[in-house]
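There are two complexes below, and they share chain A, which is joined by chain B in the first and by chain C in the second.
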Partner chain A sequence: MAVDEISTVRSERIWTYAMVAVAAVMLVAIVHAGIAQHFGTPSNSIETVDPNTLHLAGEFVSENLGTRVGLDGKITTRVVTTQFAFAPDCVVVPQHMQVTLRAASPDVLHGLMIMGTNVNTMVVPGYVSQVHTVFDKTGEMLMPCHEFCGLGHSQMVARVRVVPLEDFQPDEQGRVSCADR
Partner chain B sequence: MPTANRLVLAHIWTAFAAFGVAIVLGLWQMWVRSPLAAPLSSAENYFISVTAHGSAMAYVLTTFFIMGFGYFVAESALKTPLPYRGLGWFGFILGILGTVLVVATVLTGKATVMFTFYPPLTATPWFYLGLVMVVVGSWVWCALMLVAMARWKKTHPGQAVPLAMYATTANAVLWLWTTIGVAAELLLVVIPAAFGWTRAVDVGLTRTLFSWTLHAIVYFWLIPAYIAFYTMAPQAAGGRLFSDTMARISFILFLLCGLPVGLHHLFMDPEHSSGFKMVQMMLTVLVAVPTLLTVFTVTASLETAGRLNGGRGLLGWVAALPWKRPMVLATGLSFFMLWFGGFGGLINMSYGMNAMVHNTSWVTAHFHMIFGGSVVIMYFAIAYEIWPQLTGRSPTSLALQRAQLWLWAVGMMVLSLPWHWLGLQGQWRRVAHFDYSDPAIAWWAPWMIASLIGGAMLVVSAAMFIGNLITFHLKLQAAPPVRPMHYAVALHPGARLPSALNGFTLWNVFVLILMAAAYTYPIVQSFIINPPHAVVHRVDRAQ
Partner chain C sequence: MERPKPDETADRAFTVKVTAGVIAIAVAIWAVTFLVLPVIDVRNAGIDSWTAICRAIGIGSPSPPSSPSAPTVPVSKVAWTDLTMDLLAAGDSTRGEAMAQETCQACHIPNGLTADPETIPSITGLSPRALFKQLRDMRDGQRPSDVMSPMIADMTDRQFADVVAYYGSLPMRNSHLRNLKEPTAAAMTLATKGDTARALPACDSCHAATAGGPLEAPTLTGQYPVYVAAQLKAYAGASRNNDIYGRMRGVAQKLTDSEIADLAAYYNAPQ
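Then we have the complex of A and B:
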């Protein structure tokens, strides 16, 4: 078979350039999606929180959990992930509005995702996890813990209820909870 | 010539024994998660099983196989006896004792922390010490590979180290770098906590250190498969290696690109900023390059063989390949699975897109396809290739070997394609049982059963594999003379090799620079921001 050394080297070189070009195109696409289209990773700024005092003071005390509309109109949903339940285990969010989900853990490593969405983050004790999202469809979705956190891990599933904006009625403190309806 | 054959057999049989047990556990786990009622089903049994399955497959199968195969290559490629064979046995015994500790602690429920540990969950210290012993045993192997190559170079000045040995040593170098992360995590943080010397751990730091190991370890596992692609498949196909230089460059690129990318496993974590995540994402894209180069060189090598066999036209050479030879068949099947696995991997590493699949069944399916599929099928093919050398007997039936390989590939597709799909739809990981009465989950049932059938096919294939190897040891028939091991030679040998492609000094300097750039800040950050630590949660005693 006539494959001389020069043509071998030439074909290799062409392939190498082509593959480096393929990698470069992928890189540009991913960076573009990440920066220009904000299709990025959760928790851009690193925020710490003490897992041992989470329940005593600060934003993750139990009265402050669930969905809350701030004085500035911003909607924040806070959850605490514990062995082996979410607190609260059901949250209400409005459709078509920007929602900020904040989560923290007082004990071990957990993770959460909302099925059917791109909401996905690890919850690492010592840090606050934060995800921004907009829910397009109304209805109830599962929010399971997706990281092994002990023998009860499989039971750890919460619910997210997405309601039309007109049904999203905060109380005087700006709170909306699943129990209200 | 005294040989290390017994040492090789001891290692690789240990690897496949662990594999044989772990795969049965894997099938049971799929059964438990499926809508069908499984025996012994409980959360505790399930997570014990997952820890055992993961530890056996990821640590025991791989490490012992790679060590055994490395000893084989060192003798057969360098054509000299292995130096310090006694130390090889020392490393082996250390690894066996470590494995026994791991098995004992996991099976008694004292170490249900998965093979990825997840501090602040904390097992009995003996579990981690067992793993440390396996790793230290493998460091002995690394040293022996380095010594074997250095000695050969001294006695063969100016000659190129045979490719199979060069690649094996590249893997030893890679492994030494790789294990630094997990060793630091275990020795500095996890084991002190397990002994009760510290009450709390910096969870972010442990995750960062583990990520150092987590990508490169996969390359450690797959380099033997690539050695087979480059040096065994072209030979079995009756051709030549298209390019020896290109092969060396690929192995060097694995060493360089496989390490400074581990943070891509932490894209969804809160302890790192998006900047460092993006830097390591960029390096991760480069990881695709050596695999794409391998696809080219190996395909071109096989084309050479097909054309020598009389294949004509654009694709006629494919049909002309000797597919009856298990090594050629396995290479074809492995490449087929590599396309699926590679595609899945591209999704995982794509930064924002990772949110779609992180910690879903997609990830589990992905690494089963790429490791269990593309890589382990080459472990089988390597075993079929070297067992005649090790036992001095030829196989009783190539047809049985081929059937086993086919069943493995088909089983892996049936197992992992439904699994990928469920993951994309949001099925989350590491769950002992799903509530199929929930309408959001009920539709998964038939997909889970399909996947379970794939798992059953894999168990049958594994049993056939072990049976095929055992036939070599039974003195069933007179052994015809076995030809000595031959690795593929390059199409154009004799070109002078730059010394950089015949050693690792320069590349170690590059790795050091890359790792310093990629990991100094992510590790030091823990001491700058000094995050609150999390209290240890013991799993080995009632709280």
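Then we have the complex of A and C:
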């Protein structure tokens, strides 16, 4: 069957519209995820941090990890992803509250996700990964590493304990940890 | 078949439209990722919109002031910075050998044995990084040792780099065949596969010579069983706590006493 110029142009045009539509749908999905669900794009709020000296000083020293209620009442959970464990390996968060999760890696690329929530990010050495989320259901959830980080990767998992607000009792420094209960 | 002449005006109009479309989409995406999303995402970050936009573009990105933290007492002052790496790379094993002959060999014998297998670890063939980290921690107080700490109190980092270059270049200890017990299946599994139910990575994922785990993890092959068991118990009880981010304490706390004994025997067996 011969293909004439007109039908070629018509099919080209149809495909052009189709591709533009696909790109538009993806763009809308990204914007929706970013605005309504707080999925950060990788370029979003880039913050750098020196991975080699993470444990010596600054935000990600051992003493500063875990969940903490700041003086302004904001809840921040900090974790370090390292070969092959999360530090701390269990965190407590309150239900129905805005929680900011901040993570950094001292060694290689890791990732973290919590099933059923919008928490899903890579943790790239040299950068701080940040996710805002609200936990709807109480109970204990698993937070596995989801970027291959070495031979112990498949055992790298932390627990996230979501408790009702009345059971979320910060100590005088604003901390709440799994060991307290 | 005769091809019809292309319609040049229609072609040009099409090109213009498509180019404009592509540019419009690119601009929209840039606007969303560099302007809209960062500004929306700062709600909880405690930074202003301008900083957020700069960070998204990748310029000027100091961490926001973190909430007041407890005074930091690092469990180890060793950091794998370029400075440390260069220092280790410049380690001179000839100078190191002289130093070892003078101070170390009475206890850590170059053939891999030690003066007392019950208390003194074999250090030959371990990676210079692992040895350097322990020397620093023992000197600086993060791993206090009655025997080692006073002895190396006046040594410099450069001397450490020399002596670890020397010990690192020696062959690893050969296990005494007559001491050997058959490794148990449980130890073998823990060492090579780990236990996912307990979130326990295989020991070898960090401790095998080429595993690619933490830089400071020493090779355990051929280490004396009494020493291995003692260290595991010390980590479990946190009387030894110089492991950065508790990577070894977290592991040791999950082991039972019999697993510790089995693992110590396993690493004493020839691999």
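To be clear about the criterion, the second predicted complex is superposed on the first by the 138 of 181 C-alpha atoms of A that agree within 3 Å, B and C clash if a C-alpha of one lies under 4 Å from a C-alpha of the other, contacts with A are read in each partner's own complex, and residues count from 1 in each chain.
Please note the rule applied: a contact is a pair of C-beta atoms (placed from the backbone, for glycine too) under 8 Å apart; a residue touches a chain by one contact, two chains touch by 3 or more.
Remember, predicted model here, so these are calculated numbers, not experimental data.
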**Request:** Figure out whether A:52 sits in contact with chain B (first) or chain C (second), or with both, or with neither.
**Result:** both
**Request:** Check the residue A:87 against both partner chains and state whether it touches chain B (first), chain C (second), both, or neither.
**Result:** second
**Request:** Using the touch definition from the top, say if A:7 reaches chain B (first), chain C (second), both or neither.
**Result:** neither
**First, second, both or neither for A:34, with chain B first and chain C second** = both
**Message:** I'd like to know which partner A:169 touches here: chain B for first, chain C for second, both or neither.
**Reply:** neither
**Message:** A:16 in the overlay: touching chain B, chain C, both, or neither? Say first, second, both or neither.
**Reply:** both
**Request:** Mind working out whether A:121 is in touch with chain B, chain C, both or neither, as first, second, both or neither?
**Result:** first
**Asked** Where on chain A do the contacts from chain B and from chain C line up?
**Response** 5, 9, 16, 20, 23, 27, 30-31, 34, 40-41, 43-49, 52, 83, 107, 128, 130, 150-152, 154, 157
**Prompt:** Quick one: in the complex, what on chain B touches chain A?
**Reply:** 43-44, 47, 112-114, 118-121, 202-204, 207, 242-243, 246, 266-274, 277-278, 281-282, 285-286, 288-289, 292-293, 296-297, 300, 304, 307-308, 346, 350-356, 358-360, 425-426, 428-435, 438, 440-441, 491-492, 495, 525, 529, 531-535, 537, 539
**Request:** Over in the complex, which chain C residues touch chain A? Could you list them?
**Result:** 1, 3-4, 6, 10, 18, 21, 25, 28-29, 32-34, 36-38, 40-47, 52, 55-58, 61, 63-64, 66-77, 79-81, 194-196, 199-202, 204-206, 208, 211-215, 244-247, 250
**Asked** Inside the complex, what are the residues of chain A that reach chain B?
**Response** 1, 3, 5, 8-9, 11-12, 15-16, 19-20, 22-23, 26-27, 30-31, 33-34, 37, 39-52, 83, 105, 107-109, 111, 113, 115-116, 118-130, 141-142, 144-154, 157
**Message:** Which stretch or stretches of chain A touch chain C in the complex?
**Reply:** 2, 4-5, 9, 16, 20, 23-24, 27, 30-31, 34-35, 38, 40-41, 43-49, 52-53, 55-59, 61-64, 68, 70-72, 74, 76, 80, 82-85, 87, 89, 98, 100, 106-107, 128, 130, 132, 150-152, 154-157, 173-174
